[in-house]
Amino acid sequence: MSAEIAPEELLIATVADMLDGLRHVAVGAQSPIPGSAALLARARSGGSLRVSMLGSEAHSPFTDGGRELFDCAAQGRIDAFFLGGGQIDGQANINLVGIGDYPDTKVRFPGSFGSAYLYLLVPRVILFREEHTARVLVPKVDFISAPGVSDEDVLRTGGPYALVTGRCVFDFDAAARRFRLASVHPGHDTDEIREHTGFDYDVPDVVPETPVPDAATLALLRGRVADEVAETYPAFAARVFAAAAA
Amino acid sequence: MSAEIAPEELLIATVADMLDGLRHVAVGAQSPIPGSAALLARARSGGSLRVSMLGSEAHSPFTDGGRELFDCAAQGRIDAFFLGGGQIDGQANINLVGIGDYPDTKVRFPGSFGSAYLYLLVPRVILFREEHTARVLVPKVDFISAPGVSDEDVLRTGGPYALVTGRCVFDFDAAARRFRLASVHPGHDTDEIREHTGFDYDVPDVVPETPVPDAATLALLRGRVADEVAETYPAFAARVFAAAAA
Amino acid sequence: MSELFTSVEDLAERIPNGAKVALAPDYSGCSMVTTRALVARGARDLHLIGVPSVGFQGDMLIGAGCVATLETAAVTLDEYGPAPRFMAAVKAGTLKVIDGTCPAIHAGLQAAEKGIPFMPVRGIVGSDLLKHRDDWTIGTDPFGEQDGPLVLVKAIRPDVTLIHVPLADRHGNAWIGVRREMMVMAHAARETFVTADEIYDGDLLADEQLAPGTIPGLYVSALAKATNGAWPVGLFGRYGPDDAHLRDYLERARTDAGFAGWLDEFVYAPKAAE
Amino acid sequence: MSELFTSVEDLAERIPNGAKVALAPDYSGCSMVTTRALVARGARDLHLIGVPSVGFQGDMLIGAGCVATLETAAVTLDEYGPAPRFMAAVKAGTLKVIDGTCPAIHAGLQAAEKGIPFMPVRGIVGSDLLKHRDDWTIGTDPFGEQDGPLVLVKAIRPDVTLIHVPLADRHGNAWIGVRREMMVMAHAARETFVTADEIYDGDLLADEQLAPGTIPGLYVSALAKATNGAWPVGLFGRYGPDDAHLRDYLERARTDAGFAGWLDEFVYAPKAAE
């Protein structure tokens, strides 16, 4: 096994740590890193974590059509989900619609999908966006597909838990309505993060480095998890794990 | 073929005539005469009439569980349905709950089933009750499971079309909110009907006799329809058609 | 996930007194074996929800004194006639009946399935049912396309859904075929307990033809194998009702003493004989 | 009921200009063969409803000028990247987009399925989507158990649901397996048009295993056999997407001229060659 850890492996292990102890994690389509993280967490859970991957024939447990994921979340049966964003701002608002003055968007994104719903219902929503630039992490999104925080009178059982990027991890402080830098990935530093982050956030006195996966985790990841990931994301699995294990 | 026509055969043929030209008739559970009538109407329709029989494995077209009949009616896809009543009154209100001051009923009936819904949604609801007595056909029901008429502001696309009993046929005049005697079955007369009917109703100058099924109808009924009915109601089919055809 | 598997007696223990229990009608999937176990353990104060009606299963539980409240569109034994223990309990005033109508029960469960507080339902306006339901109210169409009153039905969230199915697997997946009222019941309830005639050796969700008729194990809290578990009512596609037993039941259940004798013979004696 | 059977061209003729057409996402059941026939007949002013999203199917129809309005939770080609003709139409301002969110689209169709004017939906409060929807509004829980605002979504009733399935029979029954969004689409729409890869020789509803995954013919207005009818996107359980064709499409659809060439080759030329 190579001693070198791929950046994707670091992200997978980091996200997987956020899922330990949960009962059911759902993962949207086209999410190889969150999907791998969920499968890693499941492998470590001794079978107690259920993983539902949209777009996977083998890992989809649903038999009631497109609505079931959403109904299931409303029933309180989904503990964690992942969302991204063309833009993400300092209040954890996400924009999946477009840049500019909607509906006259200068840049159009694919659309909000289920974000406006799941963000308010799933207790632990992990924002995941590899690209960490001031273009993505903005002071204020141009369009709120789904709000990071809500007024007190809004029934909200879910919301942002953390934001994981290619450079660092932010925790979200719901009371303060702000992100807080939680850890910096190896090879990156706090100045660089400040430079590439468009929104303001809190920084503790000591910012730890994001821990790298230990040997046991890497073995699990490159073995069993890689095989499972390959069912849904064959190209991703081949690129990341085959190279890393070479 | 016997020249004698069973009372059930007369009722079946009478009800079937009310279904001609429709696209889709649904029949509730435990309704052998309405069910036979629907199958007879289908046999005469050249395949254009669809019959959905609840409780029948061969004639149920539903795959969305218990709610589908009701959703289907709301979509306007069911043209006719049958309801009965422990009590039926002169405004076509039906009572499937009980006699007495609800909830302290002296006599308890099974319950309202879907009547409170289907009666307002299915365009042609045929009330069917073989027992024609002043005990059943009352001036005012003790409990309205489903109302025969509604105020103008109520969205109502369905309602009573006729009341068929063991003695006669009443049409329902929605504008007048009253039944009108439409025909009297052979062997019965208008005085007898007045005596055994607890509610007031209109009587035209000439009351025709309910027509008996012709030879072609009887042949169809005792042949193909009897076979189809036997799938859902074997005891009924054996008793009525085997005896009649003997 | 073998911790899913348990005994019928354990299922009955895990349905607490006072629980709101959703039941399928006799022609769908009734766990009659757990019904007898509930009687045997002396369950009390259950709030039964017929989806949308109950039959022999409800009659037996009512007769045995397990039921405080019955929420249903009907109590029907179909061609077998009136339900004797239900009738006796209504007469004695020992049962609270919440009279409903089929589509409102389905809608209330669908509301719970979606986590919404209520669901509009067509029809019903003008029925006396409305006068006796504080969990139904009248609203209007906020978009103004439909004039007039619109019935709004409160969500129905059962504590437990109890069903019997022909086939279940080791993951808790339970095959219900077209009897999809049980799917909504499982989604809507906090817990679903399943008994199955047969254990499928494989993953029902991995079979393209079986998956569409399967409740995912995600919704199933516990599972017990019970061959012939729907007896004496039938199980769709598998076996019909035990006509002789049901007629005998009806005869005996006409009287308190007769019903007590039936309980002794078919509920208590088998347990005592163990 | 052989009058159900018709040609793909006839299906396209029977979807009038201006119709509200519900479409399944690319991974579900897309009648791509009818999509091309719609382009070939010069369909105009369609109001597409993505249930809950559209992909290549929507992109092609938009590019060919068939679409006035697109109501959807997203336009996504998944790993293939942005949808080129959709992007171009948004930039040119020739397409009205009604941005929604998946559960609201499902709920709107379920409202139509039930004939009710609206359905409550959890979440959404605080999203800018709300500001641009006059068919969504804010209500409250009439039972007072849930404080605060509650989004009410107006019923979505498509004129036509257009889908492709692996298997259909002579009665119009159409097997969709677990892709049950298509069931709601068929219930909710005035008419449902189906193309099928294969005609099943029998009655799908009479087969205990196939029936649970089957849309009853009751909801199907017309049916055409079309082997490989979902090409070039895939069909669940049968065949995958034609990766080479889709990548070629994306390359050519970057420009108006390239897209016109694609249309000529794959839509107009096959017809002209007849």
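Chains here go by letter, A, B, C and D, matching the order in which they are written, and residues are numbered from 1 within each.
We take it that contacts are C-beta pairs under 8 Å (C-beta built on N, C-alpha and C of every residue); 3 or more make two chains touch, one makes a residue touch a chain.
Not measured: the values here are computed from a predicted model.
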_Longest centre-to-centre distance from chain C, chain (CA-based)_ = A
_Chain centre separation (chain A, chain D; CA means) in Å_ = 29
*Centre-to-centre distance between chain B and chain A (centres being mean Cα positions), rounded to whole Å*: 60
_Separation of mean Cα positions, chain D and chain B [Å, integer]_ = 40
_Junction residues of chain A - those touching two or more other chains_ = 62-64, 70, 74, 121
*At which residue positions does chain C touch at least two other chains?*
107, 110, 114-116, 121-122, 146, 150, 178, 180, 183, 211-213
_Following the definition at the start, I'd like every touching pair of chains, please._
A-C, A-D, B-C, B-D, C-D
*Contact footprint of chain A on chain D as seen in their complex*: 25, 27-28, 51-53, 72-76, 78-79, 82-83, 86-87, 90-91, 93, 97, 99-104, 106-107, 110, 121-129, 132, 146-150, 178-184
*Contact residues on chain B for chain C in the complex?*
29-30, 55, 62-67, 70, 74, 96-98, 102-105, 108, 110-121, 143-147, 150-151, 153-155
*Note which residues of chain C are touching chain D in the complex, please.*
107, 110-111, 114-122, 135, 137, 139, 141-143, 145-146, 150, 152, 154, 176-178, 180, 208-213, 237
*Flag every residue of chain B that touches chain D in the complex, lowest number first.*
24, 47, 50, 52, 58, 61-64, 70-77, 121
*Using the touch definition up top, name the residues of chain D that touch chain B in the complex.*
1, 112-116, 183, 187-188, 205-206, 211-219
